[in-house]
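Naming follows writing order (A, B and C), and every chain is counted from residue 1.
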């Protein structure tokens, strides 16, 4: 329970009506019960309040709270920012008691910071260093000589490979694998498929390669401060240098980052996107969901690659790209419109109607 | 070993020949040994029986079993339905002995139903409720206050987050993550990338956003009865409401469902498909493999989205959609045909042949 | 530390300069310190050596090592092959002490080979057979009656299902799931969606299917020798036969192989690719990243499917295919060029400029 006036103050927002009214929790207007605070900062949500049994809501600036029959209201001029504060205030406490669970296997040579929580069946390898107040939930494995900064939150079943170096305030969702071996092989004799690729041919001719010899990963993974990694995401070790992710970058679920990939600072990489080996991504880049980026490319700072795009060549800074292969957004739209008109256009041309 | 007449009766099918003949197990005609029952309900499979050493087979209705040299046959007018019964009859028993393995860490406040099997290294959090006869295999983690219905089958290494609510007869393949945090951030000042997206521009201009502030997930995941979730699939918690999946829906491997997504009843979602945050999917919808669906959309009841499609706008009920961006199936085929003819068409036009 | 002459001999390569010079480790030229061996076999890397403090490097054949101020050099006529030898020489030792960790749960009926390393919290089911010198890292689960060859390396959190049969020298990255149940269902009455698909209609009409009945997987997964499987990859059990992968095939992260899929020998399957049920892939096939292959197809020997392609029909041997749906590479390029020119072309035609 929190009072409307206290909550408004905590969020740095204005309120109106009965500031002493206490609310239980924030809730979607369609699901809010009498004691809840309905979240209707988006004007499209406001009409839902007419049916809702709530007495308090967060509303767009200037909304007619009294006309909606509310006893109190908070006003949010920047809705999503208010959401961040609101959800931080009400977030559920995590079940992660301080201390090392007796079932955990922590190598005696590992250095463990103060105030950590290490859950059941966690394994921490030799020479690993775990920062202060880290919370490592059940079944996680931290490899030999890995370094984890302060205030980390490692969810269940995360695998962090040997020699990974990770900054402060790292959040890693369940099942992520950081530090698998890179997918890199060489054939003893140049393969026919390799040759066809090099020639740009449409058919493969000649003797085929058979034996794939492994190129091992001597590098590891290096991650900056304030990074998040999503559930079941995979980030491979580098070959001669580290695969790396800059400060403040956020990575969603089921993302794949190949060996030697460099992700800059403050990037957003959405779910199921894959970046192939040795590609470098600048700062503040946004990759939508299910994007594919080929190997050995670069994507310039401040670029936006739309969901589902396939990037097959170098992207200059500040570009907005779409499609497979990805092209500039306006060119993509011109092309898409032309294609849509194509069947009728061909028909007309055939009839000589021009 | 089961007799042909008993098996036919169990499957509700007709048989012919020696009903007392006993068979070991059903098998693909190309791999069947003398004691096996060859499965050749598909007419294309029947010729394989000429080489097979088997004495019994399941055949299409009316097939000439004697001409094939068989001693007995079962007839299946609806092949795939017969397969369901057949594989249920012969399915391998699961190694999941009743009881709680001594290594499991079950919080004393958790309520555990009768007849459960809880495997090695399972963790069950405080306040969790596990239904009767649930089988929870090794290394699974069930979060605090999660509720799991009766007769659940939770495979190895599944992570179920705190406060998830799951119905009866839930089947969850290994490595699935239910209840990771949603991927939702807000920037302190509107970012240049955000602005370019809003403007529909092809270039990003102005000062770039740097700090991404997290919107926490206050909701959880709510799953109906008779749902299946595939291996390494990820389903995120909702923000203010629950991410939810309706009764009878089946979800394949490596599917990603973002925060607040609503999946209706009796849907099929194939492998590697991703649905972005807050999108609502109706009842009996089929999403093929590797489909992408953008955020805040709806897909109407009884729709079919073909494999590999990218859905970027609202889909009305009963639609069959294909392509990136997804369009109606007949329009897609017209467009595809036109594109295929385009190089020759352009050539002709250039030569003035119209 | 290793001497230049000894390293050159181990790699079967020529060297020049001070063979007695000892180096610490190979390193990317941009990151190499004074004691390192800079790896600059790619001519594009050579200029980086002018700034690097190193005294030794691996160079392209015939490079002017003295002009670069080096004290010693090794020459690599085939760079990637030299990389394989080099990374094998310097690979980090794995933390996997011989013996069975006291926390592991190994069924008494399992047969364990000589010289194995079985890590903390590993579970090995009844009747499983583990080959000599296998290294099974923490939290892995090996199902009942599974067979694993000699010299396996199973990383943390891998799940290998019951009755899987795996050859020698298997390497499996963290979080992979081998032997989940196939995604295969049948409806009691033919569904409206099924019917629309069969008709090729763009709209779904009639009564919709509701109940999906499961077809169980009676088969397992069969894997040859020298196979690698990537992190969080999923490979489902077969229905009546085994899903199978031939000798020497290498599979990257987050790949999905459906039930009954057959992968030939010496294939390379890149990250996030999915192959739907019952499709057969020949020998020496390369599937790029994020490829989708529909069910019940075949891809002929020695074919190359470019990244991001969607294969919707049978591919003959030795084909190079691209696009969605995938077509021959030269046809794809012709089409792509035509589409790019389309907006201008239409404009011209409209103006009657031909």
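Rule of thumb we're sticking to: a residue touches a chain if its C-beta (ideal position, glycine included) is under 8 Å from a C-beta of that chain, and two chains touch if they have at least 3 such contacts.
Keep in mind that what you see is a predicted model, and the values were worked out from it rather than measured.
Chain C is reached from chain B by a rotation of 120°, derived from superposing Cα atoms (nearest 5). Although chain A and chain B share one sequence, what matters here is the overlap of their interface residues, and that overlap falls short of half of the numbers used. Distance between chain A and chain B, defined via averaged C-alpha coordinates, is recorded as 23 Å.
Residue positions of chain A with contacts to 2 or more other chains are 103, 121, 139, 157, 175, 232, 254, 272, 290, 324, 339, 342, 349. Residues of chain C touching chain B in their complex: 103, 105, 121, 123, 125-126, 139, 141, 143-144, 157, 159, 161-163, 175, 177, 180-181, 183-186, 188, 191-193, 196-197, 200-205, 208-218, 232, 234, 236, 239-241, 254, 256, 258, 272, 274, 276, 290, 292, 294, 310, 324-325, 334-335, 337-339, 341-342, 345, 349, 354. The touching residues of chain A, counted against chain B in their complex, run 25-28, 30-31, 39, 80-81, 83-84, 87-88, 90-92, 94-95, 101, 103, 119-121, 137-139, 155-157, 171, 173-175, 228, 230-232, 248, 250, 252-254, 265-266, 268, 270-272, 283-284, 286, 289-290, 301-304, 307-308, 318-320, 324, 328-331, 336, 339-340, 342-343, 346, 349-350, 352.
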